[in-house]
Amino acid sequence: MPSSFGTTLRVTVFGQSHSPAIGCVVEGLPAGFSVDQDALARFMARRSPGANRWSTPRREADAVQILSGLNPQGATCGAPLSCVIANTNTRSSDYDELRRVPRPGHADFTAQAKWHGAQDVAGGGHFSGRLTAPLCAAGGIALQVLEARGVLIGAHLAEVAGIADEPFDDGSGSGQQLARQLASLRDGRDFPVLDDDAGARMRAAIDAAREDKDSVGGIVECAATGMPAGVGSPLFDGIESAIARIAFGVPAVKGIEFGAGFSAARMRGSQNNDPYGMDEGGNPLPLKNDAGGNLGGITTGAPVIFRLAFKPTPSIGREQDSVDLEQGTPAKLSVRGRHDPCIAPRAVPVAEAVMALALLDSWLSFPPDSL
Amino acid sequence: MPSSFGTTLRVTVFGQSHSPAIGCVVEGLPAGFSVDQDALARFMARRSPGANRWSTPRREADAVQILSGLNPQGATCGAPLSCVIANTNTRSSDYDELRRVPRPGHADFTAQAKWHGAQDVAGGGHFSGRLTAPLCAAGGIALQVLEARGVLIGAHLAEVAGIADEPFDDGSGSGQQLARQLASLRDGRDFPVLDDDAGARMRAAIDAAREDKDSVGGIVECAATGMPAGVGSPLFDGIESAIARIAFGVPAVKGIEFGAGFSAARMRGSQNNDPYGMDEGGNPLPLKNDAGGNLGGITTGAPVIFRLAFKPTPSIGREQDSVDLEQGTPAKLSVRGRHDPCIAPRAVPVAEAVMALALLDSWLSFPPDSL
Amino acid sequence: MPSSFGTTLRVTVFGQSHSPAIGCVVEGLPAGFSVDQDALARFMARRSPGANRWSTPRREADAVQILSGLNPQGATCGAPLSCVIANTNTRSSDYDELRRVPRPGHADFTAQAKWHGAQDVAGGGHFSGRLTAPLCAAGGIALQVLEARGVLIGAHLAEVAGIADEPFDDGSGSGQQLARQLASLRDGRDFPVLDDDAGARMRAAIDAAREDKDSVGGIVECAATGMPAGVGSPLFDGIESAIARIAFGVPAVKGIEFGAGFSAARMRGSQNNDPYGMDEGGNPLPLKNDAGGNLGGITTGAPVIFRLAFKPTPSIGREQDSVDLEQGTPAKLSVRGRHDPCIAPRAVPVAEAVMALALLDSWLSFPPDSL
Amino acid sequence: MPSSFGTTLRVTVFGQSHSPAIGCVVEGLPAGFSVDQDALARFMARRSPGANRWSTPRREADAVQILSGLNPQGATCGAPLSCVIANTNTRSSDYDELRRVPRPGHADFTAQAKWHGAQDVAGGGHFSGRLTAPLCAAGGIALQVLEARGVLIGAHLAEVAGIADEPFDDGSGSGQQLARQLASLRDGRDFPVLDDDAGARMRAAIDAAREDKDSVGGIVECAATGMPAGVGSPLFDGIESAIARIAFGVPAVKGIEFGAGFSAARMRGSQNNDPYGMDEGGNPLPLKNDAGGNLGGITTGAPVIFRLAFKPTPSIGREQDSVDLEQGTPAKLSVRGRHDPCIAPRAVPVAEAVMALALLDSWLSFPPDSL
């Protein structure tokens, strides 16, 4: 089921970049939860294009219309929640030749290898980054459910074009430092970094890439605080498997790491192991959090933290080498249209959606046994 | 289904470190394939403990007994293939106090948070690295099926304790350089590196860690050549999602990246995009392979390449801080027993098994449309 | 995933009787298939209410709007096909007290036991027979795909109020008798029976029940010709399991049988076994078809035939005994609104949709091995 | 996943009639449950062959060996429970020609159409009724878990060769009559009927069929008391869908009905609807139980009751018409070996296993919302 994921909380995403609409179905939401549709719209706005100069000029309201799953009082009713987002700004003619001359770094070539011409190439079709909008709609609701359970999720640009933001604290101990960081990201700032100076340099790098008809990549770091210990499952439905499977469904993601991640591979065990201690209330907890909040696929009670590597936007104005698949000859290609020279800023809420959907599904599917 | 994965090729892994046996069930293997049980035994031997001084002294034959799924001629018969591996060398008394004083870096604490004492703590129970044996049994068969289809898979220690091996060539162009590398890894060498000098330094670092009652981590790089273009699926069942979901079910994995991976995040689009050209036979192909062999979750025809970050073995002889969960007090703990001071060497065939199972399932579940 | 089914062809149904819309998502359709939307509309019309006097006066166009999954040429493009049907005629006030005083034979009571008030009771919510409309939308497309592969599916009212229609021939031998029966059901008749006289008596029985403010049940028989031998799977994903799982998701179904079904339980083996012979082309085939076209969950090449028992419409105008769940007292209830006094006639295309979805998914998921 | 079923409680069955062993893996059992292995052995004995003259002379202990999933105290530990049953009495030579001349009523022909010779034909391979042994092992454990939660499950031969037993009371009202019936089936009787006289006539009919080298069919009725209201799910994962999907995985099942079943199709709504009333404790309940304990796929609190139609054993000594698939000619066939002339008696515990696995999975996957 390529466009679905989840066990109890099951999300199915549908739509193409230029189809009449895109949307999702979410099965398994707890019944009786009042969805805050205004908060959902604000969350969607963080991902939507056209909000600022770092983003594509394609403007769409990305208004989420909920078609089912709520009772007349606006609360979830036990039936699948479905929603659609209209595609209002479609210019299919921009894309007519993509089936013939595939864009490097896009799925044009692989879609042709798979479907031999039946695929919808306009705007990238089902592969479009636009499909992260319904993922955010589902994730935005999951975020609300988790928040009601005491879980806060936030993400920032850990890196753009090699320029690093202040990293997240690992959330161990009192967790106040990470809490402050997450709070500051919610203060209405229009660029999701902790260090404003780093943010200014990132924006300059993005502008420079645009001027060069080029693009840059970035790394998004995401944290969730407040998860109880004991959520998840050993082996292939663990917290990391659940997050990673969804994350690699987000276009342009090329890597993921949890906690110390790749740098753990360079540590000794005595450094990497998180020792246990007691908190002020006498409860056991890890004294640091290189594990990224889970061991053996099950939450430790410390914040769950991951980083996603986003490659630079493959759509660039520069001339590139490609092939003419019909004529079997080399061909030059310059991607027309306007695209984000860096997708990482708009991917920040997407990372939050991924975290929320994976954690809520894990909680519903694999909770701690009741005592 | 925490201990299962796959769509058409579905693998269910069972067993605990010290249960009577461990094993797996593999549904969906193509019928009529003759399993080479000797080759399977040789593959298992690469993962098995005790083969050399870098490994735990716990010796077990890891003989795979196939209980079902073959016809009298030894070929797959369409029914689920099941196999078991006896646990012959169990010393449960080593582990009696783990439920009370959890080992840092292990799942003892999270298992207690989830199951409140019902879990089998001996040897790590269902979380044990020993569960990679049945994963390798399933993967070893998948490797054979793929090899018959022209797909070769190999892995090496890209890094141990910060010491780097020669990296895999990206396999673009004629692919001869990567083919040579994969062939050299199959020449019977007992330490899976391309650069023998780097290998010697890695072994010295592992020995040094053992002497310090400590451990080191590593990075395993895995490549698959010969996959046709067009295998896989957009979004959440793409090649990367399939591999990542299984990979994070392997104990100690903390990160995964494909192709250029995290370094892609520091590139410009003009660098990272893989341009297309024509091979000698007039077929289009990517001229380089920073994508790691897939775009939009679908194979490009270039080799699929990933890297896995393994944390250092959490079981170390050094005294560590933990807690006594019964008494609610801090406690000191030194892990007794003998353990690999670096698990990465034995994880090399595990990475190959992960690759094989994910690719074969993708091929069976999401093949290119027939023309 | 309560509102989804299927392995490769996966259908997710959403909506409540009075939500803004109902609809479905269909993953896994073969790419490149041109959907005939006019034929789909005609199929939907057979299920839609208000077409005649045997049906509820609630009239809705049941126009299927396809939101995604087609390329600009109107063919399937490999991405999930999604469609919605607007709910235009909703009168929620009819249903306000159902949460308090549950209707016998409906899911009002069980929904309350499950969701404690959060459920959407209007019109039966997610339990409404109206949810068979998106099921028919998905099934109508599957019927077209199967027809292009040489499979014809038809159903009729085998029984209404105890009055029997001419039964389907079992399709063995030349299959001409069953082919004639299926053809006659496609001749535009407005009441799906083979024996017009029996049909007239059925309609009289339905009218009589309506006059009595009561309802009657019926049995729908469905056949599929043209399936090749070797489709399906042993055990729990066999043809019968696949059909039955979907069929019991259709409201009011209380039984299913295949081939000789319950009467097979009263036969001897020498009667019930279908002997094999050779057809004119020298191919083996069963000489009769008490097996209903499958053995061991795998098609024999003979027609697949099942019968579904539909209980009488639970909504009746007669006064019934119920309880007031708020006050904890007995209560009388008469169901207001207009309802079909027999749902079996409108269930005939629903049975065809169930057959089509189960067979197409089985064919895509569990085809005969390629030679 | 043809040999698996279930959502939270997931069962995978493996083995062929003459493979070294058969077995199953059960994921998702609640942790901390002490399995009573003696009770499990007694349950298995009810299904095992050779216990009496109504059964095949093939005698096997059917001893269940649990390989994993228990902690040292014998309680479930959160990891998958796996078990194997050795195949000790195999005579493959009996079956050598089945690939060439398929037995009517068996899956020999369809297996050949699917796998073209790779299938394991010995003893029916993966299609053998012997695969109900691991299903009973899984179900026997589920029965114990349910019994600890207050649910009792029992089944009887409602009909053999057209001879009817006393039917189950529908369990409404006090439920004492059904409770008495279930208790009497547990009193050690060797033939599972309520009416001993009917049982004697059934046995005579079975003996007569054996003497005629023929076989007879039967109907098994199964009831579960004590399920709370609110378990299950609308649409395709409802109670009836869950039971039916598993039931049709049992060899020889050709029909299933719930509550009034097919006879409901001949009732009026005023007859079939179950009115609600209050029990002595002031709780609402259905006053009769034609619904078979569920409405809209969700339990009502009344007993869940179904009936399964078993066709007569297809293996009969009489000469039958078949074909020689190699030579493409008609052929005569007489099934050698000894087989049950009626499988229904041994199917009684299998029906209980089906009920238990479906209900426990529904309860774990789709419980009533917590208040």
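For clarity, chains are labelled A, B, C and D in written order, and residue numbers in each chain start from 1.
Note that in this section contacts are C-beta pairs under 8 Å (C-beta built on N, C-alpha and C of every residue); 3 or more make two chains touch, one makes a residue touch a chain.
The model shown is predicted, which means the values in this text are computed figures rather than measured ones.
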Which contact partners do chain C and chain D have in common? A, B
Find the chain most remote from chain D, comparing centres computed as mean CA coordinates. A
Take the average of all CA coordinates in chain A, do the same for chain D, and state the distance between these two points in whole angstrom. 46
Please tell me the distance, in whole Å, between the geometric centres of chain B and chain D computed from their C-alpha atoms. 39
Counting only residues that touch at least 2 other chains, which ones in chain D make the list? 1-4, 7, 13, 31-32, 78-79, 111, 114-116, 118, 126, 234, 369
Which residues of chain D touch chain B once you look at their complex with the stated criterion? 1-4, 10, 12-16, 19-23, 25, 27-28, 31-32, 65-72, 75-82, 84, 92, 111, 114-120, 122, 125-126
So in the complex, which bits of chain C are touching chain B? 7-8, 30-32, 78-79, 234, 365, 369
Residues of chain B touching chain A in the complex: 1-5, 7, 13, 102, 104-107, 109-111, 113-116, 118, 126-127, 131, 159, 161-162, 209, 212, 214-219, 228-238, 240-241, 244-249, 251, 253-262, 264-278, 282, 284, 286-287, 291-292, 294-301, 309-316, 318, 320-323, 325, 328-330, 344, 366, 368-369, 371
